[in-house]
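Below you'll find the structures, each written out as structure tokens.
Both complexes below contain chain A, partnered by chain B and then by chain C.
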Partner chain A sequence: MILHTVNKSPYSSQCLSDCLPRVAPGDAVLLIEDGVYGINCAVSLSMTPVNETILRLRETQVRFYVLREDIKARGLDDHLKGSLFKPVDYEGFVDLVGNADKVLSWY
Partner chain B sequence: MNQATHNSTDAVSPVSTTKRLLVVCRTAPYGSSLARESLETALAAGAMGINVAMLFIDEGVWQLIDNRDAHHKGHTETGKSHSATISALPIYDVGPLLADKESLSQRGIDLGRLADDAEIIETVQVINILNSYEIVLSF
Partner chain C sequence: MKFSIIILGAPYTDEAAETAFRFAQATLKKDHEIYRLFFYHDGVHNASSLMTLPQDEVQPTSRWQQLIEEHQLDAVVCIASALRRGILNKGEARRFSKPADNLLAGFKLAGLGELVDAALQSDKLITFGPCS
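And then the complex of A and B:
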């Protein structure tokens, strides 16, 4: 199982859309740093292809997370509601890394 | 004494050679130092006897354009082009050099212009390749 970390906003970088096609069933995707701006890309109209990909990947047991500390730092707490990304704290981040065979950084 | 013997062994082979390394390249050459650093990492790993392969995806496929005769003054310390180093990789036991077909076609890159040792792979193979190597480093 690979943990994919994405640290750039999907509105300024291709990181997230480059990452998603390379995610295998059972993998995990974690938004960190400016990557957390992607928390609601799944509901934004301009990001429809990303939305569809995320929904399709969820059916193959791919898990989507977002780092809560980075969400808080950017004042995006209210965006968590209805998001397809589950918030994790630093401890959860460590657990994800520990449970993964390897970590792949998309930056 | 035993300790010293141990240390010298570690210096030769710090990583278990049974683990294979995949260097993932996602950036074009020259614009940043990442492409250069990915090659240096692969060469260093190869020199230490580590089984190392490279995967070129997204913007990384620009690195594979064969331009080895060009001199890029100021771009590298030696003035050598990026592709001169790419073409030297097999000498240092780095390989295969895998290139994502879709990334190439999206950028209109003529397959005939690629480095001789580049191996074109289908996009569906990328996931399997990422999973099959024990160590993956992303540049």
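And then the complex of A and C:
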């Protein structure tokens, strides 16, 4: 299992859309820093290619996480409600790394 | 479990060093071992002893230094990245006839072999990348 971390906003960078096609079944994706703006993907009404990919990957046991501290720092707490991304704190981040075979950092 | 951490960002430029620091703290809190911190590219600025801040602000460099001292961490600064960005220890300052040296105590200058070694010896290697 590979943990993919994404640290840039999908609204200003290709990071997330570059990462998603390389995510394999069973992998995990963690949004950190400005990457947490990606939390709005897959909840908006309009289906973008990124949204479709996330929904499709969820069916292959890919898990999606966001770093809670970075969500709080950007005032995005409300966006967690109904999101497909599960919040983790730094200790949860360490656990995700510990459980992964490798970490791929997208930046 | 043994972790090694690569830090590619300078303080104030992007969040990489901040995220890496908090991750390192959490790693130690969870009783894992940090085999090596590797400061590479602009990450070498985290090892500057000349960064001077108002006292009531977070001190990004001395905060690393305290963590390194407290937990006896191996903190390696890539020598090639460091020299070209003006981060020098006493030996390099003398060798290149520079008027000062500025590598914080607790950090050491070394080559990429130390990164390869960290990748081989650690259970996990994680990179904190810059914004650009």
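Here, the second predicted complex is superposed on the first by the 104 of 107 C-alpha atoms of A that agree within 3 Å, B and C clash if a C-alpha of one lies under 4 Å from a C-alpha of the other, contacts with A are read in each partner's own complex, and residues count from 1 in each chain.
Just so we're on the same page, a contact is a pair of C-beta atoms (placed from the backbone, for glycine too) under 8 Å apart; a residue touches a chain by one contact, two chains touch by 3 or more.
Here the structure is a predicted model, which is why all the values come from computation and not from measurement.
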Does chain A have more residues touched by chain B or by chain C?
-> C
When the two structures are overlaid on chain A, which partner does A:Ser83 contact: first (chain B), second (chain C), both, or neither?
-> neither
After superposition on the shared chain, which partner residues are touched by A:Asn40: those of chain B (first), chain C (second), both, or neither?
-> neither
Once the shared chain is lined up, is A:Lys8 touching chain B (first), chain C (second), both, or neither of them?
-> second
Which of chain B and chain C A:Thr53 touches, first, second, both or neither = neither
Classify the contacts of A:Ile32 with the two partner chains as first (chain B alone), second (chain C alone), both, or neither.
-> second
Applying the touch criterion given at the start, work out whether A:Asp18 contacts chain B, chain C, both or neither, answering first, second, both or neither.
-> first
Examine A:Ser105 and indicate which partner it touches, taking first as chain B and second as chain C; both and neither are also allowed.
-> both
Across the two complexes, find the residues of chain A that touch chain B and also touch chain C.
-> 105-107
Contact footprint of chain C on chain A as seen in their complex | 5, 7-8, 32-34, 67, 69-70, 89-91, 93-95, 97-98, 100, 103, 105-107
Within their complex, state which residues of chain B touch chain A.
-> 24, 26, 57-58, 123, 126-127, 130-131, 134-136, 138
Partner chain A, residues of chain C touching it in the complex | 1, 3, 8, 14-16, 19, 22-23, 25-27, 29-30, 32, 124-131
Touching residues on chain A, where the partner in the complex is chain B = 2, 14, 18, 21-24, 101-102, 104-107
